[in-house]
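Labels run A, B, C and D following the written order; every chain starts at residue 1.
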Amino acid sequence: MEERVRAAIREAVNREPFARQFGIELAFLDDGRSRVEMVYDPARQDNIYGRAHGGALFGLIDEAFETAAQTDGTIAVAMNVNVTYIASPEPGSRLAAEAREVSRTKRTATYEIRLADDRGRLLAVCQALAFRTGKPIPFL
Amino acid sequence: MEERVRAAIREAVNREPFARQFGIELAFLDDGRSRVEMVYDPARQDNIYGRAHGGALFGLIDEAFETAAQTDGTIAVAMNVNVTYIASPEPGSRLAAEAREVSRTKRTATYEIRLADDRGRLLAVCQALAFRTGKPIPFL
Amino acid sequence: MEERVRAAIREAVNREPFARQFGIELAFLDDGRSRVEMVYDPARQDNIYGRAHGGALFGLIDEAFETAAQTDGTIAVAMNVNVTYIASPEPGSRLAAEAREVSRTKRTATYEIRLADDRGRLLAVCQALAFRTGKPIPFL
Amino acid sequence: MEERVRAAIREAVNREPFARQFGIELAFLDDGRSRVEMVYDPARQDNIYGRAHGGALFGLIDEAFETAAQTDGTIAVAMNVNVTYIASPEPGSRLAAEAREVSRTKRTATYEIRLADDRGRLLAVCQALAFRTGKPIPFL
């Protein structure tokens, strides 16, 4: 991918309110691929049973989707996300979500995303569909 | 539903780290049904394009799912969530997610969840599947 | 909806190879809504356990989606379908799938589809997403 | 996987009404993995636009899911299937659906399934969730 696009997305994530709220960091970005990471923090992310909230895990998954989907330098918008939860992370563990583009047509792109902890244990799998607007990323 | 279950879930949401992080409030709870609300706060919930992050919208949807799924007093665990995004909310608007149980078997339960803004505009629809453990809610 | 569009879709379903293969009939069609029916025939539709194959149930669901999505007279193409199975039908029972448009934007439309038997027992629920090409139906 | 389980599933597919209806053949089967094939026949599988019906493509995908999910010799039941359509096959082309187990817990198992034509062009991707009953396959 173009280096200026990578730099622009990286900077946009650094400034992104949602990513900052969750402590999400962009670890890797290339054509149709992304890896984002965060430390699971029970004090901010637990559900009513004292386990990681589905919304917290989804937030990291969605960040991987969002970043991978913009790597061609044009704006893509999330249309559909399907997530299957497999396991709960341990408090304090570092989580990583990796997105990979599976297909791309003129107007749509499909991604597979996996969420795992720092021991490589799979926590969730996801299939996501984006609409490709064709418009260039505005902050380039 | 039993009043002591409703009170217990309500209190659990009030204490829940994830709900507090997002300012999520439980507005309504009954058998297999829930309504949760939050104000969309761009300063904490925006994505790289200055619109509500998919993870923020999903967080509210998931809270509706989570609460509706425990209303029989036993623990249910999220297995699969499918969300379709329709529109973006306006900054500062109050969002509501309503979950409704569509079916329940011994081990599974299915929910439909809708996310709308305070003018009734539909923002996302969701289909969610829970595994029913059969164990009583621990904090009753 | 326009009567000539309804008539054209009705005739197209009557001629459709897939619908004929499964004995699917169009029972109702209106703006963004459709109801299709078939008799579950174990001799053609059973799986390896002697129950209705997921693909057979899905076929009826998809026909409801396909027909509901063309009711404005323009071609819509299936992008994503999410189905949750709830129960198995009895042999010989008449099944009905009802699709309902939940939202429509310029380029996409979302549907909820329910599959039930002739006693009203819910067998499956579905959420489906179509891409709206904007091109008129060719066989009008 | 056990050879007697593979032989039993293979024979069950040969006898399966749905598979015979569509001309589906089991090409490969191993632990948590399956590959099934069929020739796309417009005369039986086309939709109202003269392209492969979503239900026909789904039927092959579901057969891959169904067979991969029984390879440990116990009965698994489909709970949720999410399919994203990417492209339409050419008439007469030979289609293959490959399922792969992504994770397995005591009660659930998750699969990724890909549908491609005989030139390797991706037609659809799928994420599927099964409930593991723990009961042995009856026809062993």
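Here is the rule we go by: contacts are C-beta pairs under 8 Å (C-beta built on N, C-alpha and C of every residue); 3 or more make two chains touch, one makes a residue touch a chain.
Worth saying up front: this structure is predicted, and the values here are computed from it rather than measured.
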{"item": "Distance-maximising chain from subunit B - centres being C-alpha averages", "value": "D"}
{"item": "Interface with more contacting C-beta pairs, comparing B-C to A-C", "value": "B-C"}
{"item": "Centre-of-Cα separation between subunit C and subunit B, whole angstrom", "value": "29"}
{"item": "Mean-CA-position distance for subunit B and subunit A (Å)", "value": "21"}
{"item": "Intercentroid distance (Cα basis), subunit C paired with subunit A, Å", "value": "33"}
{"item": "Multi-partner residues of subunit A (each touching 2 or more other chains)", "value": "79-80, 82, 84, 108, 129"}
{"item": "List of subunit A residues in touch with subunit D within their complex", "value": "80, 82, 84, 86-87, 102-103, 105, 108, 110, 112, 122, 125-127, 129"}
{"item": "Subunit D-facing residues of subunit B, complex", "value": "79-80, 82, 107-108, 129, 131"}
{"item": "For the subunit B and subunit A complex, residues of the former touching the latter", "value": "9, 12-13, 15-18, 21-22, 42-49, 53-56, 58-63, 65-67, 70, 75, 77-85, 138-139"}
